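Take a look at the structures below.
Okay, so chain A shows up in both of these, paired with chain B first and chain C after.
Take a look at the complex of A and B:
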C-alpha cells in the first residue's frame, strides 16, 4: 500500500513536469504550427546552464535562476529568428527537420562546453522527506508539482487576459485574419518560442533537481511528446490532464512490471503509449480533429 | 530530365533507358572502373570509410524513398537498420543460415517491422508520424538491449564474416567489393522504383495525399509499401554493417544516427536518386576529416574547451543541416543539376 501511494505521488509530480515541458511544445504548435523536436535538447542545455551558473560560477540561487530564465528567453528568440523565420511558409517536413538540426546543434554545444556527462544541481529545497500517510516522498517532487501547477495557472491567466496572450491565441486560430488586424505575427512567433524555452528550462531544472543532469534529459523531453500526443496537440488542458496520466503510467508500470518484464520498462512506457494512442485515437483526448479539403 | 541537344528517341525502349547518350555510358563505365579498382590504390583507412559510405548509401536511399518520394517522415531509421543487423547476426551465428539468404531475410524482417510502425501513417502524417517513428527507435533498441538470450543484450553480439559459397569476405578489400555490388544493386532497385508506377504514386501521395486518393491511388497500400521498401533497404544496410564490423551492440544504432541520416537526405537533395549518394559522401567525409583534425586542433590551441573533440561533430552537422534547409533546400543534387545544365550549354549559356 505504501508502495502504491509512493508511486502515485511521484508519478503525478513527475507527470506535472512533463506536462509543463509539453506545454511549451503546444504553445509553439498552436501559434505557428511548427513541431519543435528540439524539446529534449532545450531541457538539457538549460539544466546545464543552471549548473554552470550555480555550481561552476557559484552565483547565489536567485541570480543564477534568473540568469537561466534570461538565457532561455535569448535561446528561444535566437532559434526563432535565425532558423524558423527564414523558413516561414515552407513545407512541414523542412520545419520538423530544422528543429532536429537545432537539437543536434544544441547537443553538440552541451558536450562542447560541459564534457562531463553527469552532474547534480545543489539542493534548492529542504532535504527532509515528507510523510504522506505511509509513503515517504522527497520534497523535490512536491515542489516540482507545485511550481508546475503555478506556472500553468499563470500562463492560463496570461492567455486569457493579457493583450499578447490574446494575440497569440488569435494567431493560432487564423494567421491571415490576425495579420490583417495589425497584429505583428512574427513577434507572436518569437514570443511563443521564448515562452516555450522558459517553460522547458523550468521543467528541466525541476527534473534535474530530482534525477540529476544526464543525457537522459533529452529522453525526458522526448517523453513529453507522449503527453502532447495523448492530450492532443493543440490543447493546453490536454497537456495538464495527460501529463499526470503519463507520469502515473510510467511510475506504476515501472514499479509493478519491472519484476515481470525486466528493467528499463519504465523508460519505454511513454513510447508504447504513443504507439497505442496513434493507432486508436491519433488526435488525442482533447485535440481538434482536422478535416482536410483538397 | 533535360537531355543534351540532339538526343532523339526513335523507340520507347530508348525513351525509357536510364543511360541515354554515349557520354552517359562513357561516364558510367568510367565510374564503375574507378569504384571497382579502388582497393588497388586506396589506403586501408580510406577503404573502411568507403565501406561505411556504401552501407550508409543503402540506408539513406531507403530513407529517401520514404521521405523524399513518399513524404513520410521517419526518425527511427537507425532502429530499422538495427533490426536487419540483428536478424543477420542471429541467423548466421546461431542458426547457421548462409549469408545470402540471411541478407534477404534481414531486409524482409526490417521491412515487416517497418510496416508495423508505419501503420499509424495510414491515419496521421507529418509530426505525428515523426513521433511514432521516434517511439519505434526507442522500442526497438529497448527490445534489443533486454532480449539478451537472442541479441546478447548490452554486451553485444559477434557476427561471423560474410561468405558466399566458400568465398570469405574477410579483408577490407573483399568486403569493399561485396558492399559495392550490393549498393549498386540497391541503387538500381531504388531508381527503378522511383521511375515506375510505384514511384509516381509515391510522389502523388507526397504532394497531396487526399488528391492522390481521389485519383484512385490506394493510400494504405502505397504508404505501407513505402515503409516496407524504405525499411527493407535499411535492413540490408544493417546486415552489411553487422558483417562489416563483426561485433556490435545497440550503441551502434542511436537516435543521433537516425537524425544524421535525415540530415544526409536533406543535404543530398530530397526525392532524387543522386541525392543520397552526394549527401552520404559529403557527411561521411566531413565526419572523417573532423575526427582526423580535431585532436590536432585541440593540441595546437590549448585554450579550446576539453569537450571540443566530442562536441564539434554535432555542432558542425547541426549547423550544416540548418544552413542547407535555409539556403539550399533542394540540396546538393540541385547544384549538380545546375552544373550539368551549364556544361551542356557551354559555351552558349542561354
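Take a look at the complex of A and C:
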C-alpha cells in the first residue's frame, strides 16, 4: 500500500514536470506550427549550464538559477533568430528538420563542454522526506510539482489575458491576417521560443534535482513528446492532464512490471502510449480540432 | 491622403502583376477599386499595406505616398502604425479566439487601455450583433457575422485609411446592404478614408465618391462614382446592363464580341 502510494505521488510529480517541458513544445506548435524536436536537448543543455554555474563556477544558488533563465531566454532568441527566421515562408518540413539539427548541435556542444557523463546539482530543497500517509516521499517531488503548476498557471493567464498572449494565439490561426492587424509575427515566434526554452530549463533543473544530470535528460524531452501527443499538440490543459497520466503510467508500470517483464519497460511505456493514442485519437485528448462550420 | 504613382509590382522577381497603377485616396473619401478576378486589385491593397513583402512580392517601380511620406519600403507593422489597415478578403477571423479577443488583436498596436475599451464599445455600437456574440468562438459565427467581425477588427486599430477587400463576398444581399450602410456611417462619422475592393460594382459605387476600374494590372478607367455609374462600358461589362439600363439580352451577344475585339 505504502509502495503504491509512493509510486502514485512521485509519478504525478514527475509527470507535472514532463507537462511543463511539454508546454515548450505546445507553445511553439501553437504559434508557428513548427514541431520543436530539440526539446530534449534544450532540457539537457540548460541543466548542464546550471551545473556549470553552481558547481564549476561556484555561484550562489539564486544567481545561478537567474543566469539559467537568462541563458534560456538568450538560447530561445538565438535559435529563432539565426536558424528559423531565415526559413520563414519555406516548407514547414524544412523548419522542423532544422529544429532536429539544432538539437543535435546542442547535444554535441554539451558533450564538448562537459565530457563527464554524470553530475548532480547541489540540494536546493530541504532533505527531510515528507510522510504522506504510509508513504515516504522526498521533498524534491512536491516542490517540482508545485513549481510546475505555478508556472503553468502563469503561462495560462498570460495567454488568456495578455495582449501579446492573445496575439500569439491569433498567429496560430492565421499568420497573414495577424500581420494585417499590425502584429509583428517575427517577435511572436521569437517570444514563443524564449518561453519554450525557459520552461525546458526550469523543467530540466527540477528533473535534475530529482534524478541527477545525465545524457538521459534528452529522453525526458522524448517523454514530453508523448505528453504532448496524448494531450493534443496545441493544448495547455492537455499537457497538464496528460503529464501526470504519463508519469503515473511510467511509474506504476515500471514498479510493477519490471519484475515480470524485465528492466527497461519503464522507459518504453510512454512510447507505447504514443502509438496507442495516435491510433485511437489522433488529435489527442484536448487537441484543437479543425473548426468546420456546418 | 494616399497617393500611388505609377507602381509596378513583381512577384518572386519574375511575375509582373501590376503595370503602372496610379490612384489617389483623398482624406475622408470612399474610393472603389473595381475589376474582374485577377485584375490586380488585391495586390494593389497589399502593396499599400506592406503585406506584399510577406508573399515575396515587391514594388519595383513607382512610389506610394501617405501624407506626403513614402511608405513603399516600410514593413507591414510600420504602415499599420501610420494608420493604414487592411481587412483581408475571405473573412479571415481567428477561428479559435472569441469575438472580443479577435477585436483586441485588431488593437494590438495601440497602447492606451481605456481608449481601446472605448473603441471596443464603438465597434459594438456599429455592430450590435457582435456585442451579443462577444464571448463566442469566432470560428462558429455565421458568414455575415464573421465579415462584421473582420470589419470591426479593422476599425479597432483606429485607422485613418481602412482598406476592405470584398466585404460582400458570399453574403446575402440584405447583409451586404447592412454592412455597406455601416461602412458608410463609419466613414461619415469618423472621417476615415475607405479604399474598397469590390466585385459588386453597383453597391460599391453606391457609397463611393470615386472609383477606378482595373484590368490586367492597369487602371483602364477612373472618375467620380456618378461618371462610372453612367459609363457605357462599366454598365456593359460590370453591371450586365445595356445602353438604357435595361437587362442585357443575350441574343445581342454579337455586340459584346465586337466590342471586345476593339478593346
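In the analysis below, the second predicted complex is superposed on the first by the 289 of 294 C-alpha atoms of A that agree within 3 Å, B and C clash if a C-alpha of one lies under 4 Å from a C-alpha of the other, contacts with A are read in each partner's own complex, and residues count from 1 in each chain.
As a convention for this text, a residue touches a chain if its C-beta (ideal position, glycine included) is under 8 Å from a C-beta of that chain, and two chains touch if they have at least 3 such contacts.
Note that this is a predicted model, so its numbers are computed, not measured.
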item	value
Residues of chain A touched, compared between chain B and chain C (which is higher)	B
Which of chain B and chain C A:181 touches, first, second, both or neither	second
Partner chain(s) touched by A:173 [first = chain B, second = chain C, both, neither]	second
Contacts of A:124 with chain B and chain C, given as first, second, both or neither	neither
Partner chain(s) touched by A:163 [first = chain B, second = chain C, both, neither]	second
Touching partner for A:147 - first (chain B), second (chain C), both, neither	neither
Common interface residues of chain A - those touching chain B in one complex and chain C in the other	293
List of chain C residues in touch with chain A within their complex	49, 51, 54, 56, 76-77, 80-81, 85-88, 92-97, 101-102, 104-106, 108-109, 137, 139-140, 142, 153, 157
Chain A-touching residues of chain B, taken from the complex the two chains share	67, 71, 73, 75, 117, 119-120, 123-124, 126-128, 130-132, 134-136, 138-139, 142, 145-146, 208, 210-211, 214, 256, 259-260, 262-263, 266, 270, 305-308, 310-322, 325-326, 329
Chain A residues touching chain B - in the complex, by the definition given at the top	29, 35, 37, 83, 86-87, 90, 92-94, 96-98, 100-115, 219, 222, 225-226, 229, 233, 261-264, 267-268, 271-272, 274-275, 278-279, 282, 292-294
Contact set on chain A toward chain C in their complex	89, 163, 166-167, 169-170, 172-174, 176-184, 288, 291, 293
